[in-house]
Amino acid sequence: MTCTANELLAVMGARALRDGITVFAGVGAPLMATALAQRTHAPTLTMMMEGGILGPSFKPGDLPISTNEMRAAYHAQMLPGISDAFLLAQRGFLDVGFIGGAQIDQYGNVNTSVIGGYDRPKVRLPGSGGANDIISLCREVMILTVHEKRRFSERVEFVTSPGYLSGGDSRRKSGLLFGGVSRIVTTLGVFDFEPESRRMRLTALHPGIAVADVQANTGFEVLVSADLATTEPPTDKELDILRMLDPKRQFIG
Amino acid sequence: MTCTANELLAVMGARALRDGITVFAGVGAPLMATALAQRTHAPTLTMMMEGGILGPSFKPGDLPISTNEMRAAYHAQMLPGISDAFLLAQRGFLDVGFIGGAQIDQYGNVNTSVIGGYDRPKVRLPGSGGANDIISLCREVMILTVHEKRRFSERVEFVTSPGYLSGGDSRRKSGLLFGGVSRIVTTLGVFDFEPESRRMRLTALHPGIAVADVQANTGFEVLVSADLATTEPPTDKELDILRMLDPKRQFIG
Amino acid sequence: MTIAPKEFDFQVARLRLERKAKSASEKLTTLEAAAARVNDGDHVAIGGCLYSRTPLALIWALLRRRPRGLTLSRNLMSYEGEWAVVAGAADKLVTSWMGIGLPWGLSRIQREYVESGRLEFEEWSHLALGLRYRAAAMGVPFLPSLTMLGSSLMDVGGSKTVECPYTGETLHAVPALFPDVALLHVHRADRFGNGQIDGYPHMDADLARAATTVLMTAEEIVSDDEIRRHPDRTVIPGFAVDALVHVPYGSYPHECYGRYDAEPAHFTVYVDGIKERGAAGVTDYLERYVYAPRTHADYLALFDEAARRDAAARARMLTT
Amino acid sequence: MTIAPKEFDFQVARLRLERKAKSASEKLTTLEAAAARVNDGDHVAIGGCLYSRTPLALIWALLRRRPRGLTLSRNLMSYEGEWAVVAGAADKLVTSWMGIGLPWGLSRIQREYVESGRLEFEEWSHLALGLRYRAAAMGVPFLPSLTMLGSSLMDVGGSKTVECPYTGETLHAVPALFPDVALLHVHRADRFGNGQIDGYPHMDADLARAATTVLMTAEEIVSDDEIRRHPDRTVIPGFAVDALVHVPYGSYPHECYGRYDAEPAHFTVYVDGIKERGAAGVTDYLERYVYAPRTHADYLALFDEAARRDAAARARMLTT
């Protein structure tokens, strides 16, 4: 089967989730990835949503469009509330968090606030929401995003959600003692961060994509892993589950 | 009617409670005082108990012996839990708190921890419980106690619950920005604190008690207010209510 | 630094609260009388989250009074922020995110007003704003946290750090936020203001403790006895509440857990108005939905009754 | 200073938690297997408060293993503290108050052991101990508070102060307390450990987040579906729980809100034993109630069944 960009992101995101972990996920691709993982290899994975919702079930065909609504809380196990959900992450209970990103730099810093100066910006974006908290407090963070040149720029003018800041140990030096971005999954491939410099590094290409495609769609020099792999395309089973969950294709496009 | 020491304390405590306030009260005389006030002149007074229990009703004849049990929570309005109950006091929601006292000094400092050094005391007492929190966080605190010489000593060796510390503005200087002991009701009379020195001062005698009786039962020099009053003895109505609440005389003695 | 001492000064905030009556007496009043307790220039914190349990009836009543110079804060700001800005009621918003949700894209009003310098927009992370309210609810001037460290958000409000006296580590000292007023909508309350919430609690319990003045609407007013039958469901103590109004559908067309679902189709019409006419779309909307209806019942009558019944049916299905 | 870095070091505490499996899998096990997770020298925090919802079944199973060198902490310590001290299991207690209640006077065991230097007794105010657990539950090394300032209690554990970076005021920096183990008893849980409590919550929700290892008993094991029908009643997330045991009457003869009342007559017999024979009274009691019964059912059989039924009836009357 062929698949959409969001289906690809959901499948690749799902595969990166181990069984038995806890996941902080928002609506859209992260929710799809997490729900897919639960229905394939990770049945004992627990999901937390930003609305302060733990262990939701989802009603196929009736998925939430925000993390603060009844569809997100459908048959949930616990409703601790927003602040206490994040505090569970601060305590260390959340293994993996997902965030998206309007603008991402080579150190995994994300900007969803402003283009141009803060007080009188050229473009005002919606803001952090819980992204800053998730990237600051979860054990590791995965970013799922469409791969576009305008999204991947050498530096972000405003760090809404701190990745590795200026690289090296600058994140830890800033007082962020835990976590960090472990993986970026895009529509072109999968990235990690080179352990010393903490710069984004291509570790796998999706089928049919070349390194040059990635470089052409990235606003900075792309590091490439020595053992560059190619991802397995989404299976029929994976896509079937996603389409069963979202038959109207509201989220998988 | 004649009355017991605890009945006297409960009645005098009740009279000092204005209508429309919030009261942090423990079991025994404070509970009896608060429940009596609610049933006489203070119908819109709200009671909080240390077990994290707000607005309890009490079942006559079945009063609680601890603040953490079903009799204390009988038909309550809210059960916020222990820490959150105290935090409401820290925020400023609790107008009057009650505490008892094993040993009280002339500045209203209370010791319920140790006689003799802390590590190897001569006498180990039960400890603060919530008394330190109530005296630190409520807007004002009232102490109800039997008047005995051994209880009222010039200084306490260990300040479990801080009154005015060494007097003057020493309480505020210690970082306790709010509250303080406003009144001590004993079996002999009623005391406030002289505004400058913050030393205990006799403001009223119970009927039939002389200043000399008070001095004889107090381990430090008793200041006497210029307009020393005499309290009105408990009325039949007050005593009837107390005895209706506690027909087995578990708490009123 | 845009945070003002008034926001984090716990001593002054406590003295404000000490002066307030905390009597267990009747709190029931009208939307108009409740809204009249808000003064021009106040910091008004809004309960619920995004399009969930938004105190829309209170916001409706407040905007009808044509207030000026308000600061509004909310964890995730929905279109009530746009209303207040376009109506000229608010010149500063404090939040972590502004919009309605994925399908409706960015808030064009936020963009237009911030980019043109007509609106001060103070951004915090979602948790940091939650901790600001919680610090205030606890009566302290700050709470330590790791969140926001290292990010540019630290500079927006003027965040400071604090060194832990035990470990020596540096943490974000998230400053308290003591609002002048909190607007809340809950499922049920007794006439003394003891309030119960079903489902996700959002940050309402903290707001009720943080604010000096608490205005609350409830879907249902129940007896004192009914509250006392389930005291472990009460999350807002009556002594914190200054005004209580019985308003069924008090957050409609936003959702109320278990009672009624939100109306995304209505959001789309609202957003389409903005797409077509910019801020004028909001002005038109305010004229029709806020200023024209003389009572909240008139406001509700602007919505299709069958749609409201259907929203209630959906809510039951989603919570049973 | 008696607090140890292990208690407040949030980084180390977080790394301990990160290593723990947080899977949504079966947590049901036996009292014996649960108790076996406690190691000699551990700091064990005890849920409930005084004679309410004390995890007595877990304490029973723990003491039967003859542990050594434990530190026990609890907000208000009841006779479980005396048991552990006299049994030689604990050499340090951390609490705000020790006793049973007004009618039974002071704890003679506490007096005797502290005065003779055989027991370290670390006293905090009730709220301060609550904030120690809460700081840990929040993953931070301290929380600011006004409580305990100016008192001699500041010196007992080695409390430090912190200057607010916004207001300049000095507050008590209440140090976090990350216990190795928490023992909890709740009303109901599903087999994954999602726990619900009726009535007053005491500090159990904070303990479940603060401790590295959480051992929990429940009056009732309910289905996954039953928990999901009332998710707003869940206060302990399954991923925090390491071992779950189904133990009806798991805190008897202490009380469990709505389920059974406490048995003051039993407390009187226990205290009379101490009045007559001092610590030997406790030793005798332990022999009879802890070491002799081979199962928890055997332990319960030592109590009159009619008394248990009556305790249940009283509880229903007091909560309806």
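By letter and in written order, the chains are A, B, C and D; residue numbering begins at 1 in each of them.
Convention: a residue touches a chain if its C-beta (ideal position, glycine included) is under 8 Å from a C-beta of that chain, and two chains touch if they have at least 3 such contacts.
Please read all numbers here as calculations on a predicted model, not as lab measurements.
Novice: Please tell me whether A-D or A-C has the greater number of C-beta pairs in contact.
Specialist: Most contacts of the two pairs: A-C.
Novice: Distance-wise, how many Å sit between the C-alpha centres of subunit A and subunit B, to the nearest whole number?
Specialist: Inter-chain centre distance comes to 57 Å.
Novice: Go ahead and note the Å separation of the Cα centroids belonging to subunit C and subunit D.
Specialist: Distance between chain centres, rounded to whole Å: 37 Å.
Novice: With chain centres taken as the means of their Cα atoms, state the distance from subunit A to subunit D in Å.
Specialist: About 39 Å separates the centre of subunit A from that of subunit D.
Novice: Can you work out the whole-Å distance between the CA centroids of subunit A and subunit C?
Specialist: Chain centroid spacing, subunit A to subunit C, equals 29 Å.
Novice: Indicate the residues of subunit C shared as contacts by at least two other chains.
Specialist: 11, 138-140, 145-146, 161, 169, 171, 199-201, 231-232, in rising order.
Novice: What are the residues of subunit A that contact at least two other chains?
Specialist: 73, 79, 87, 90, 137, 177-178
Novice: Can you work out from the touch definition every pair of chains that touches here?
Specialist: Taking the chains two at a time, the touching pairs are A-C, A-D, B-C, B-D, C-D.
Novice: If we count contacts the way the header does, which residues on subunit D are in touch with subunit C in the complex?
Specialist: That would be residues 5, 8-11, 138-146, 160-162, 164-167, 169, 171, 173, 175, 198-201, 229, 231-232, 320 of subunit D.
Novice: Which of the residues in subunit A come into contact with subunit D in the complex?
Specialist: Contacts found on subunit A: 19-22, 44-46, 54-55, 57, 73, 75-80, 87-88, 90-93, 95, 137, 139, 177-178.
Novice: Can you list the subunit D residues touching subunit A in their complex?
Specialist: 11, 13-15, 17-18, 21-25, 136-140, 190, 192, 194, 209, 224-225, 227-228, 231-232, 234-235, 237-240
Novice: For subunit C, which residues count as touching subunit A in their complex?
Specialist: 49-52, 75-76, 95-99, 101-103, 106-107, 110-111, 114-115, 117, 121, 123-128, 130-131, 133-134, 145-153, 155-156, 161, 169-172, 199-203, 205-206, 255, 257-258, 261-262, 264, 314-315, 318-319
Novice: Which of the residues in subunit B come into contact with subunit D in the complex?
Specialist: 27-28, 50-53, 59, 62, 65-66, 68-71, 73-74, 79, 81-83, 86-87, 90, 113, 118-133, 136-137, 158-162, 165, 170-171, 174-178, 250
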